[in-house]
Structure formats: C-alpha cells, structure tokens
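The two complexes that follow have chain A in common; it is paired with chain B in the first and with chain C in the second.
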Partner chain A sequence: MVGLSLGETHFIQGGIAQDLRCDGRKRLTYRPISVETGVIPQTNGSARVRMGATDVIASVKAELGKPSLLQPDKGKVSIYIDCSSTAEPAFEGRGGDELAAELSNALQHCLLGGKSGEGAGIDLSSLIVVEGKICWDLYIDGLVVSSDGNLLDALGAAIKAALSNTGIPRVEVAAGTSNDEHPEVDVSDEEFLQFDTSRVPVIVTLTKVGRHYIVDATSEEESQMSSGVSISVNRQGHICGITKRGGVGLDPSIILDMISVAKHVSEQLINKLDSEIASAEADEES
Partner chain B sequence: MAGKGGSTPATYSPSPTTDKKKPSLFNEDLARPDGRSFHQCRPAFFRTGAVNAASGSAYAEVGNTKVIVSVFGPRESKKAMMYSDIGRLNCNVSFTTFATPIRGQGSDHKEYSSMLHKALEGAIILETFPKTTVDVFALVLESSGSDLPVVISCASLALADAGIMMYDLVASVSVSCFNKNLVIDPVLEEENGQDGSLMITCMPSRYEITQLTVTGEWSTPKINEGMQLCLDACAKLAKIMRSCLKEAVSDSQE
Partner chain C sequence: MEYVSPEGLRLDGRRPMEMRQIRAEIGAVSKADGSAIFEMGNTKVIAAVYGPREVQNRSQQISSHALVRCEYCMANFSTGDRMRKSKGDRRSTEISLVIRQTMEACILTHLLPRSQIDIYVQVLQADGGTRSACINAATLALADAGIPMRDLVTSCSAGYLNSTPLLDLNYVEDSAGGPDVTLGILPKLDKVTLLQMDSKLPIDILENVMQLAIEGCKAIANYIREILLANTKQLEYRRGV
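Up next is the complex of A and B:
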C-alpha cells in the first residue's frame, strides 16, 4: 500500500489516543472473526480464518517419518508460511520470503514450546508409533490469502482451528517383528484419532502507537507502530511464547504491562475462538 | 583464549540437571555441566578490529562460543532498493560448517538474521545516514550454546568500532528453563534439553528492551524472574563491552 500522508498519520494516532480507531473500534477490540474448518478435503486438517479483511488458510498434513535423535519418544511438527502475491503485490517473487520466514519463526516459538517438548500446544508423545523408529510428522502450512494487518494472530487462530479439525489415521504395528528390523505398519483407512487442542495457545499482538497499545492492528495502524509484542497465551493463563516486533526499544515495565493486558484480552479471544471452532465443526458435519 | 571443551554428546538428557537441587551460590561442584552455578554467566572476551578490510569488526568469545562480526558501510544502496529517508540495515548470520558438533548443522538457523536485525535497528540512529546501507555480517566460528545473544552483543561492538552512531551499546543474554529452575547463559547441552527459553536484548544505559523472545510455557512470575536475571546480566556484560572499546582507543593512542 502507498504510504500515509501526514494528516492521515495524525488522524490515526489521535484517534488511538482517544480510544476511537478509524473503523470505530476501541483499542482492545478485535475485528469480527469467522472460522471455517475442513475447507481442503485432501489434507488431514484445515481451516480458514478471516479477521476483518485479513484472510488466512492453515492446513495440516501428517506423514510417517523417523523421530529425531534428540527426542526419540516424540513426533515432529514443522510450520511453514506462504505469503502469496495474491494477498499483496509486494509479496511478488521473493518479496514475501522475509515476512514468511519471520511469521513461521514466531509461530514455531509460540506453538511448539521448548526443545525438550515441554509446553508444546499438542502432546508430541501422542505422535509416536514406534519409539525411535516411526513417528508422525505434522506439516502445518499457512497461506496468507489477503493481508490487512495482524497476520500473526490470524495464522495462530487458523492453526489452532486446523489442529482441532485434524484426524490422524490409526496405525497398527505388525506383531512379532524383531527389534532390529524396520517395523511394518498398517495405516487404517477408517479409524482416525483427534488431538486434544485445549492447550493450544492463541496469539495476541499488542501494537504500540504513541503511548497506547492496540490489538488487531490494521495495515494502516501497523505502519504507525513504534514497536509491538506478540504474546501467546493458553487457556491456563500461561505464557507460551513472546516475540517482540518493530525496532524501537521498550521499557521492561511496559512489556510486563503488555503481558498482563494480553492475558486479559486472550481470555475473550480464546472463548470466542473455541465457540467459533465448535460451530464450524458442527456446520461441517451437517 | 579459552581451551576447547569436551565434545558434546549427541543425545543429552536434561534429567541430571533437573534432578539436582538448586545449589548455593558458592557451591559450584554440584551444579551445571561446566561447573557454573545456575545464575552465573560464562567468561566473556571481546576484541574489536579483528578484520582489516571492514569498516568495523569485533570478535567475541563467551565460553566456547566464538563469533566474528564485520560491518561495512554506510555505503551506497543497490539501485533496486527504493529511496529511503533513513538508513538501511542489512544483517546476515551464518555458521561455518565446522561450528557445530555435527558438521554442517548450523544452516538450520535461518531466522537468526532477522532477529539480529530487529535487535540492532532499535539501537542505531538510522537518520544519520539517509539513502545508504550498513551491512552487518556475522560468522559463528564455534557454536556452544547461546549463539544468538553472543552474535548480537558482538555486532553492537562492531558497529561501534565502525563509528556508526548508536543510542547505546546492545547487550544480550538468554536463560533456559528446566522444570522450575532458571539457568542463565546456557551451553549447548542445556539448550538442547530446555523446557523453555527467554532471550533479552537491551540497551542497559537507557534500560530499554530492543528484542525479547520467549519459547515454551512460562507463568508470569517466572517471566518476571527471568527478565530480571537477564537485565542484570546485560548490565554487567555492557560494562565488559565498554571496557573493551576503551582499551581499543587507548591502544591506538599509544
């Protein structure tokens, strides 16, 4: 988008200072969120999330692979983000690569927990088929279809919905195989296991404009930000990841204040999102 | 120079650290793999002027982690880039093939470049060199845990050596979380088994945080504790960095 004029800049900042944004929202209010699940039948799980004019699709594909050496008792999850040039002309060619890498890195920080597997949104041990030999690899792909700010929150919500929609085929391991050989597995076509996604966190991005912070910034508001913090909070109120964005430094007390504001906002967001996901799943089944 | 440590085992279990009780500050024998207490950093060594061809450069050793950073510029931006009222900052972080215990493993850290960029751009006064570009190239010679914080600290020294105007030096430290224990400046074994991590980059004189990254599951009091630990360590690290710059100045005057 073209840069804003000085008058527009003052208007946006003045509005935020008075708790009245260009689209009439207050500082801590989200745009309308709609969720669809099962939008791509070929995947194990998929979801589409719209947040105002921001539109993203997330899909989950499960493949059998080999566990990593460091955690032989846990499956593997990877997150990839594609910034399509249909979303914004600036994403043409390799233009979107930097933003895509940044988003996927932030999402991995927020959703996949520490290197020991603790704190991950889903139980990685449930992805093991044969310890040390066979596990499920989850590939989570996010696609940005339309971009109007706050991509990280939308992608986080879409991934949560996609994981909730995911069905993993049940795997039977052939009995009697000796420990040395590669085990033979029988993948079921009819039985599917579902994830418990109650611990998958949501991401709340607080954008600092002037002396206030706002949630769910539009593109125009993001262009006015001095800095921002994306905080991932789960239903238990624990912080699952923090990524600071924007270049300007922040006082530590402001960051701690942002964390408490994010926890407060995330309660409503989690409830709203869970009800949207539940109704989307119900719609899909009917 | 610090001696080379023992080789890192390919599969490391964090349970020995987790099972141990928190030792007293002065009892180092019962503590971490390299004998430090939980809240003790590794010794840090910095030197500027490590590369002749660069506008500014710095070399850093923190424990066995060794990093070299070169800064080029401000110099003319490439024609493809659009006009910019403020300066541009390009950052690139790479690993040598021999940096990691297993050869060639360092190429997995593609996000380090953008994280370094975010950490530095808040500290550099970009308005002082409009239309031009400053390039920061960081090379990790040996990776032994807490690589990115060392890269960030070393890069700010290299920028100072190049004469780029900055609000303050940038110091960076990280902590790892094991169950309920916080371990500062983790080594590679600790990093591979951590439940969560917290990395802070700050400008100590201004008491501002320019980069904050948290992974894993944390409660808010724990984040408070981790942040305070890191900020204290950053202040001490900044003193070491300042003394390094002063030494370089006094050496050149002799």
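Up next is the complex of A and C:
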C-alpha cells in the first residue's frame, strides 16, 4: 500500500473531526455488511462476511477428540487466523503471520472467554460426548481474502455467522461398554445438532484518530490511528473481552467512554448481523 | 473398487468425458489489480494479481522483461480432513513454480521490462484438479488486471480408471491410484505449456488421455472467453459507451 501524502492525512483527520469521513460516513457508522453462509460445503459450518472492501471467510470443523485433563466435562474450541496473500502482497510468505497471530489472540480473548470457559459464547458442556473420554473439538479457521481495515470486527462477525451455520453430527455411544475401555461411538450421517449462538458476542473496534474515535476504520484511517480498542459485547450488553492496539496511551476516562459507545453501537450491529445471518441461512436453504 | 459403472456412469453420475460444473467470477478481491474466483465442481480457488509494479527485491530485477512471481496457498479448512501447515511446504512450492512457469509462457513479459507481476492463488476448497483450477483462476485474474497475454492458458486433468479414460478427475478418482495427467494449453495457438503425469500408462493410451484433456481445456477456454466477454460488456454498459 502506498503511503498517504500530508494533504491526504490532513483531509482524513479534518473530515473525522467534522464527522464526515472520506466515504461520507459518520464517525459511528459501519460500512455495508453482507453475510453469506455455507460457502465451503466440506466444512461443518462456514460463512463469508464483507464489510465494504474487507472480505473474510470463517469456517468451523468438528472432530472427535479427548477432553483436556483440567476440564474433563467440556469440549475444546480453538481459533486460527490466516492472512491470504491475495489480500495484500505484504502477506506473502510469512509476512502475514504477525497480523494473523495478533488477530487470533484477540479473537480468542473476545470470543472464547477465560481459561475456565466462563463467559464463552459457546456452551462447551454441550460438546461433551463421554465425560473424560470423548468430546468434540471445534476448529474455527478464519481467512482474510481482502483487507481494507477493521479485520477484527469482520472476523468476529464471520465466526458468529459460521457458528450459526454449523451442524454437528449426533453421536450415539454404544451401550454395554465397560467403563474402563474406550467407548465405541456411532456418528450419525443424518442428524445434526445446531448451536445456540445468541450468546456469541460481536466485536466493535473503536479507532482513535486525532481527538475523536471512529468505528469500522478503513485502511487509510487505520494508518492515521494513534490507538484502538476492540470491545466484545454480547446481546445482553455484557462486555466479554477488551483488547487495545497501538502504542499511544489512552486516558482512562476516554476508555470508559469508548466502552459505553461500543456497547451502544453493538446493539445496532447485533441486530443488523442477526437479520443478515437469518436471511443468509434462508437463502441457503432455498 | 468400481469407478465406472457398467452403464458408463462415474461415482458422481458423470459420463467419462463429462466435466464437473464450472463457475467463475471476476473481481473478487477489490484491492487487487485483477482477481477471480474459479470453481470446478467442489474445487474452489481464488486468485489475485498485483502489478505490473516496481520490483521489490532489486537483485531479482530483469532489465529486458518482467519478473513473474507466484505464491500458492491452501486454506486450513480446504481439505476434507483439517490440516495445519505453514506456507512454503514442498507441494505448495512445486505448484507455485508450475503456475509461474505456465503463466510466464503466456504473458508478454518483454513489454513490461524491469517490472514485477505477482500472482497469488488461494485454495478455498480442494476436491481434485486443484492445480488446474489454480491455473484457470490465474488466467482470469491476469485478464482482469489487463496484463498483455499471448493467449489464455487453460488447464484440465484427465485420468484412466477401469480401462476407461476419464476427464476432470475429482478427489475420489484422484486418490484411486490410477494415472493422472494434468495438461495446460494455449487454445488458440494450440501449444502445450504444462504437462504433468504420474503412475504408469501405455503410450497409446496416453495419447487418448491427452487428447481428452485437450478437449477439456478447450471447453474451459470457451467458458472463460464467455465470462470475459460478459464482463467487458458490463464495463461498456457502465461507461455508457
């Protein structure tokens, strides 16, 4: 990406100060969001989300595995993010690894909750097949196909849509098996369980440019940012995770203000996203 | 195992000389100079082209023609069993080289001296015929970027199972252990730019299988030309010409 000139820099910052961005949006307005589900038929669930020119794909794969020793009554979920070179030539080879790791960690904190599993958007107990022996492992993979800023919000939305699209096969445990031996399981080809995604949060990223902060920053606006805060909010209005980016420090009162603004913005985003997911699922069924 | 039934139908219901459904979309990545999505059945590939632009690594610059670089990558979720591997494994490197050489043969590199053209190919879903789909996607992306080319490059695979030549193998047929021929041609110039084959095959049957793959390549070329023509008409409409 070619750097911005001084005039462009002033134009962007001046526009944000006057609540009129380069593409005509206000400070707290998202770009148009479109959701498509079932884009990768080989996975258990998948979704593609476009926010303006940012384009991401998320998929969910479920495999049977062994529960962790620390939590034998809970399944496991992990998130991996990959930055495709198609998004930006700088991502060639290992160029995208650093950003991918940063996004992975942020999403892990925002969506999966603490180590105990509390606050996770997914009820991990529902992933147990046989306690201590067999559970479902969910692998959530995100792929950045096109990058024009605000990857974290787009990935969060895509993961929520992919989980809503996910079907996990029903598993029958063979009766009469000795308690000590490894149980035999029969994975159904026809019956699928669906997730309750009402508790999965959305991520709102507020980017500070000059003396104001904006949501859904484009690449150019992100290049002018001093710092950013990503706040994960669920439908009940609870904060599920906070991540700060950028090197410049923030005044604590500004952070609290950002959190309340994010909570307000997330209401519209959740409603918009839920309706988009519902219509995408309806489109897929027809 | 039986791959062709006595009635002449394959596992997925196709005839031996029938291709999987092809679908293509131009302009999938808005920030790239050219981009395309190409689907062959369940194989889904996205390609992006950046360039011609300044050479990033000065030591690689060529004074008489353009430097063509290519990177091929598979998404973690693209195969039936999930895999976790980094870029640059042996298979990815080999396919990157194959795509680069194939594209170099058709790009008029002498018109763009001291510049660099980057082709990035990402596999979203793999179900056999991946490198053919990658080459087709890259061709569409190069055309979308307006890079001067001698001809479109199209690619198709063919195989030989149960004493029957088969066109456009899917994953199950590819895994059957029979011969697999991947062919890339310049359809109007009628030249072969890519030919790869594994397993054993008598030479007279190889000719039949190659001929079948050539027919497949030409069919794909017709489809790609239709897509590009429709795209051009759309652009013409938007410009109000």
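One rule holds for everything that comes next: the second predicted complex is superposed on the first by the 286 of 286 C-alpha atoms of A that agree within 3 Å, B and C clash if a C-alpha of one lies under 4 Å from a C-alpha of the other, contacts with A are read in each partner's own complex, and residues count from 1 in each chain.
The working rule: a residue touches a chain if its C-beta (ideal position, glycine included) is under 8 Å from a C-beta of that chain, and two chains touch if they have at least 3 such contacts.
In this text the structure is predicted, and so the values were computed from the model without any measurement.
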item	value
Superposed partners chain B and chain C on chain A - clash or fit	fit
Chain B versus chain C as contact partner of A:E98, first or second or both or neither	first
Per-residue contact with chain A, leading partner among chain C and chain B	B
Vertex chain A, arms to chain B and chain C (CA centres, degrees, nearest 10)	120
Contacts of A:I259 with chain B and chain C, given as first, second, both or neither	first
Chain B versus chain C as contact partner of A:Q42, first or second or both or neither	second
Which of chain B and chain C A:N234 touches, first, second, both or neither	first
Contacts of A:V185 with chain B and chain C, given as first, second, both or neither	neither
Partner chain in contact with A:E88 - chain B first, chain C second, else both or neither	second
Chain B versus chain C as contact partner of A:I57, first or second or both or neither	second
Overlay on chain A, chain C to chain B nearest C-alpha distance, Å	10
Touching both chain C and chain B, counted on chain A across the two superposed complexes	none
Complex contacts: residues of chain A adjacent to chain C	39-43, 46, 53, 55, 57, 59, 61, 63, 80, 82, 84-89, 92-94, 139, 141, 143, 145-148
Complex contact set, residues of chain B against chain A	10-12, 14, 110-111, 114-115, 118, 121-123, 167, 177, 191-198, 202-203, 206-220, 223-224, 227, 231
Complex contacts: residues of chain C adjacent to chain A	28-32, 35, 42, 44, 46-48, 50, 56, 71, 73, 75-80, 82, 84, 86-88, 118, 120-122, 124-125, 127
Residues on chain A engaged by chain B in the complex (per definition of touch)	69-70, 72, 98, 101-102, 105, 109-110, 112-116, 118-119, 227, 229, 234, 237-252, 255-256, 259-260, 263
